[in-house]
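Reviewing the structure listed below.
Chain naming follows the written order as A, B, C, D, E and F, and within any one chain the residues start at number 1.
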Amino acid sequence: MTSMLETSGLRNLIRRALEEDMGPGDVTTASVLTGEEKGSALAVAKAEMVVAGIEVFKEVFFTLDPDIRFIRSTVDGQEAAPGEVLAEVSGNLANILTAERTALNILQRMCGVATHTMRFAGEIRGTRARILDTRKTMPGLRILDKFAVRVGGGSNHRMGLFDGILIKDNHIAAAGGISKAVARARQGAPHTLKIEVEAGNIQEVKEAAAAGADIIMLDNMDLEEMREAVRLIEGRALTEASGNVNLSNVKRIAETGVDFISVGAITHSAPAADISLKIR
Amino acid sequence: MTSMLETSGLRNLIRRALEEDMGPGDVTTASVLTGEEKGSALAVAKAEMVVAGIEVFKEVFFTLDPDIRFIRSTVDGQEAAPGEVLAEVSGNLANILTAERTALNILQRMCGVATHTMRFAGEIRGTRARILDTRKTMPGLRILDKFAVRVGGGSNHRMGLFDGILIKDNHIAAAGGISKAVARARQGAPHTLKIEVEAGNIQEVKEAAAAGADIIMLDNMDLEEMREAVRLIEGRALTEASGNVNLSNVKRIAETGVDFISVGAITHSAPAADISLKIR
Amino acid sequence: MTSMLETSGLRNLIRRALEEDMGPGDVTTASVLTGEEKGSALAVAKAEMVVAGIEVFKEVFFTLDPDIRFIRSTVDGQEAAPGEVLAEVSGNLANILTAERTALNILQRMCGVATHTMRFAGEIRGTRARILDTRKTMPGLRILDKFAVRVGGGSNHRMGLFDGILIKDNHIAAAGGISKAVARARQGAPHTLKIEVEAGNIQEVKEAAAAGADIIMLDNMDLEEMREAVRLIEGRALTEASGNVNLSNVKRIAETGVDFISVGAITHSAPAADISLKIR
Amino acid sequence: MTSMLETSGLRNLIRRALEEDMGPGDVTTASVLTGEEKGSALAVAKAEMVVAGIEVFKEVFFTLDPDIRFIRSTVDGQEAAPGEVLAEVSGNLANILTAERTALNILQRMCGVATHTMRFAGEIRGTRARILDTRKTMPGLRILDKFAVRVGGGSNHRMGLFDGILIKDNHIAAAGGISKAVARARQGAPHTLKIEVEAGNIQEVKEAAAAGADIIMLDNMDLEEMREAVRLIEGRALTEASGNVNLSNVKRIAETGVDFISVGAITHSAPAADISLKIR
Amino acid sequence: MTSMLETSGLRNLIRRALEEDMGPGDVTTASVLTGEEKGSALAVAKAEMVVAGIEVFKEVFFTLDPDIRFIRSTVDGQEAAPGEVLAEVSGNLANILTAERTALNILQRMCGVATHTMRFAGEIRGTRARILDTRKTMPGLRILDKFAVRVGGGSNHRMGLFDGILIKDNHIAAAGGISKAVARARQGAPHTLKIEVEAGNIQEVKEAAAAGADIIMLDNMDLEEMREAVRLIEGRALTEASGNVNLSNVKRIAETGVDFISVGAITHSAPAADISLKIR
Amino acid sequence: MTSMLETSGLRNLIRRALEEDMGPGDVTTASVLTGEEKGSALAVAKAEMVVAGIEVFKEVFFTLDPDIRFIRSTVDGQEAAPGEVLAEVSGNLANILTAERTALNILQRMCGVATHTMRFAGEIRGTRARILDTRKTMPGLRILDKFAVRVGGGSNHRMGLFDGILIKDNHIAAAGGISKAVARARQGAPHTLKIEVEAGNIQEVKEAAAAGADIIMLDNMDLEEMREAVRLIEGRALTEASGNVNLSNVKRIAETGVDFISVGAITHSAPAADISLKIR
């Protein structure tokens, strides 16, 4: 899981988030502090949450000031109770104050996504299904959102349009049918990618299975249809339930026997986790 | 309000969001479509919402393909009912499909923030108070989040650390008291910026007012304290209520007589608005 | 295939290639020409070749000067004979002269790769195998190299480390065996990616097939081993021959029944196609 | 020669090459390894070659992971025999595996160019002539290609359009003759740049010499013409043979007495050197 | 004051300045030196000046070569006499020579601006007025110019169009009068920004004061008008004299009682300070 | 001369200058104007000047708003009298106001440099000498500064460290003498670059001439020494006078017979030309 931290994408994201907040400089800190003060601060959970992004949080401070010292009290994936200390940051006080908001915004987002994911994952524990994310992530933050989903117990669907084939109704219409669309994808796309086909009803499920789809998305089906689809497919393809999934119905969906349940809400509507930085 | 659209920041944001999703290319569309198909699509609201970002939505398609045609059926600030068409996009089908998710992610975020803001603004209608946003925005999306807040009937607090002075407890402690901190800010920062001081109790309110603060933040006070603070300040400074504001208490806070109420939740925890793109 | 042209990656690549050559300006053209001269030029093949990249060639001129007119006489995938005109460029002469070398460098590279690929693809015509590229592309030019491979009749292996899983001996050693490595990949990576396992001998082929690998790479095997591997696998996985493939042995490799043959030389050692720009 | 390593151009080139291969992350390594494994690897020559770029090779690993240790067993300019170890890389195994291909692609390119250059330089040893490169380099890699040429015993022609004046037939036609073109260049371009004129026959050689050209390019002349040109010029200008130079004719060209022979093939058609990374 | 050094803006500025001078490399140093020579150099003032930018000067060398050692003999804000040593740089000689001109260009600019500012600030010592800079800074260097102004004893006006409201005649005309323009600004802009109104005569001063402007710019008024304006405003707003300020009239302007005097010349026409680097 | 306008360097420079001033947006214009107002404005000279950069001035407005109309009343190189209109800009008023300062800052700089250069060039009219610029340009603005020098009647020295060889005393010391330094440069640097040697006295002039230097810089010599140097060199090398050149002594320097006189002050200390934009 650490590999995300190596990518230049993450470093650029942090740099841009700091620039967005700092612009040409933190006028309050620059005018009120001398720049010589030292300080230390505790990141404290103010609600129950799954911790995610503690290394990214650290990296925000380090990007501004490589001399800041950072001691983590938890690791990604741990659950934290209200009042629990997540990490301690110490060093130049001006730099801690300047980086504070950017660092918290990222950490609160990541913990928020992980916590929301965990709720869905918790609901289906005991079934064979796994919670998947979607591409409905915050623009520019996909790498963080997808990381947080994994920390929260979900699995990642494709990262973008480039690392998975998902043939939807419009692709099918343009190609002239499911089997033609699948054949074109098999011919034109790298053989390293599985071919997923969106099916809105049982007839389409049959066609997708017959065309050799590797994954069949059961799109907006009711529970009965899903059960029948799973039965018809008989393991020839992986199955993914999609559409209008919420905490009330996710368990019943899982019990239909699908392999995956994709949930847009874990990224597009996750509330931020409540965390504050207490300067001492 | 259109000026945001001129800034290079927005164009870069859109380009990065597209790159994040497209990477080296949309393998599904590239392999299944010929690239010659034409099509048209409707952006449709699937729930009640305040529309925000329709020009940014358009710009996503135009960034990928300047030949796409775009007809808007609404403007920012309008409320939309479920089923209402917001805009029509037509042209090269492959490009519409490739840009779809990125464009929707941005529009759903912006409408989500505007809609959440509107709920708070609606609650305090009739009072003199205004809803303010905070710096608790999505990393990298501040310009969009702040724009959506304005569309939803809120006002913007400072954009970042550079266009407003906000002296918090740590600044005060480092300077050796409120009056010293205010004096330093007045000496060292551009005279075009007002000086806001965070006050946690009535004593600090008095000191801030005496020091000549332009704005006094009433931080985590109860309604009684706020009322007293407003009375003590007597218009010598603007007042801003902050901390634990929600839809249940915002009206009572407004009725204390404060000028502004800042609400982190309108940006850090706004659920996405439900919008889909129906290809015809 | 046109989708590459939409990506920002390509536009940046062209811009950087122009900057690399132009630096702060073309001193010869700036001092010797007035800047008002008009001219026209023909891109002419000076040897047999498969044409690839004609749209990218055009884009180089357009990047420097959007008013240049461009008429193509061929399309990607056509074979050209010596002396054949590929395209005509006309407009501001100074700009044509300034862009000439950068445009030709890109076109000669792409036609070179397509032509070299075509030689391999031609050798195995009639067998079921397909020629694959590798990640042994010119640093920074992968998108162009992979495009040219497709034009030349090859297929693309994964674009990079992100859109395909390829478990090599070191991964296997670190995981403690093939089946454990495959299990970890299935658990931790997006389900949209197939799992390819590198096998150096028949024993490893058996283990990979038993572990449920989607693709098995037959690495540096002799023809006899390959035939046996194909027989053992019995269609449970796709097969890819790899290692020391050249024009003399590629046909025999194809006849072993493998699905794919990956060839590093089509990108890492393709000689440039000979093309010149004749100014009239 | 080390100064290239200081330029930001090189660091950006390496970063882009890594990004191109890694995209949002190495899914195989991230899912199969724990991220804690340590390892070490040897870069081994698999054919005879001139080593070039060993410091750049190192820099690729360091860019991804500054903690990797690197021990070189050779230096740029040395010849290596098959089986010879060039360097050892050790540290975090996941990072070594992730950077491997990008590092090798660069090293194989640079050694390939140096080795090809050395062949040409070896042919003309004992004459006064020197091998020059051209601007026919891989787009985006000019700084590496030109460095490798120097390592292989060649000399660099101008880096781009900005650090040398080369007046070709089209410039001459636009200016109305060689003497006018030379006069304009002398007037309009920095006096720090020599003026080279392309001459296609003896008459043009005379005109160029009379106009005071500092360098005269003998373009596509036969050996007889070259000899006569050298004799006529009598040392008043440097001479550069250009066009259709190959390993069979380069020695005879050198023996005509020219100062320089420019060879496009050493960069546009150099096959990659065969090098592998053996993980232990 | 140190916070500027933390911003990515400054690091990018330095990197771009070095790239502009180095391009693909310092050909003199690369060809004449071995790259192994060590050396040390003194930065010496050759005229009287106020020192500004000594940390930025250091950073230029560090950006090229983090191993260079730097010992400063002075700090920003000190006055230096001709012949005085400002700093010593030692380490790799080639890198010192390569960075020399870029480092000096920045230091000479910053000391030049600080020195010119000090002249104006010195003239008005003893009055209550302060010298302000304007947005008439060198394109791309605003962060350095504004820093140097502070070092030279001036204060900063707004950094750009984003951190202060300045309503000029055209804004007033478009809004339909001063009071309407002020009202719109108060409604639409962040409440953290003061509202400054440009007034060209006494009538406009009265309107601006009545509209509640926080700052009133007395634009191109004569001394008599300024005095009257200051008297009329009576402390209800800050006052800023602007237009045709020079060293001969600045004192008399200050004596009118204005709070601020803005001077474009301290940035747009400051001569460079004379500093050289003596290599030993 | 137009080629500068084609380079990406210039477009980036303009974009950065606008970003520096606009940041996240022009709060005054965005809040006070509706964004629908139209307007037109005249750029007017307020002092005598040489016009330079009128196309760059235009480009600033076009970068922000491609729909702005621009009519120039003069061209680069013309002299303008006080009150003379240089150009008219019309279109969206908000965008004109937002771009105004950035556009003027660039134009005032360029006209300032051209005007200062013209003064020096005027002084030496009738002699054979030409005025040269140096690398003492504003960091980040070299391309503009050097362009303005040419417009003002000067010639350009090398653009940077990459397009000319200038061997100074430290290079000579490191190499062990002038002849060794020249030999190394001739061996290691592109043959397209002339070799200039800095000479501080007559003895060094003799050595440089004997070593075959193409250009000899007469560094800080008095008039008598310069005359002797010119006589000794006898046309074997170009001569460049350098050091402490001002408007009082430049004519006498020119009369010593040197080919070039380089003047740092035309770029490092040129006062801005006085130009204003009158909105109608």
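Convention: contacts are C-beta pairs under 8 Å (C-beta built on N, C-alpha and C of every residue); 3 or more make two chains touch, one makes a residue touch a chain.
Here the structure is a predicted model, which means the values were calculated and not measured.
Shared contact partners of chain A and chain F, listed by label: B, C, D, E. Counted by C-beta pairs in contact, the busier of C-E and B-F is B-F. By residue number, over half of the contacts seen at A-D repeat in one listed pair from E-F, A-F or B-C, namely B-C. The chain with its Cα centroid farthest from the Cα centroid of chain A is F. Distance between chain D and chain E, defined via averaged C-alpha coordinates, is recorded as 45 Å.
Averaged C-alpha coordinates put the centre of chain A at 22 Å from the centre of chain B.
Taking each chain's centre as the mean of its C-alpha atoms, chain B lies 33 Å from chain E.
Among the residues of chain F, those touching two or more other chains are numbered 22-27, 29-30, 98, 142-143, 159-160, 162-166, 189-190, 193. If the chains shown are joined wherever they touch, the resulting network links each chain directly to all the rest. Touching chain E in their complex are the following residues of chain B: 132, 155-159, 162-166, 189-194, 196, 214-215, 238, 259-260. Looking at the complex, you find that chain B touches chain C at residues 15, 18-19, 22-27, 29-30, 35, 64-65, 94-95, 98. Contact residues on chain E toward chain A in their complex (touch as defined above): 1-4, 6-9, 142-143, 159-160, 162-163. Every residue of chain C that touches chain E in the complex is listed here, in rising order: 23-24. Taken in their complex, chain A has these residues touching chain B: 13, 16-17, 20-34, 37, 39, 93, 97-98, 101-102, 104-106, 108-109, 112, 135-143, 159-171, 174-175, 181, 184-185, 187-190, 193, 264-265, 268-269, 271-272, 279.
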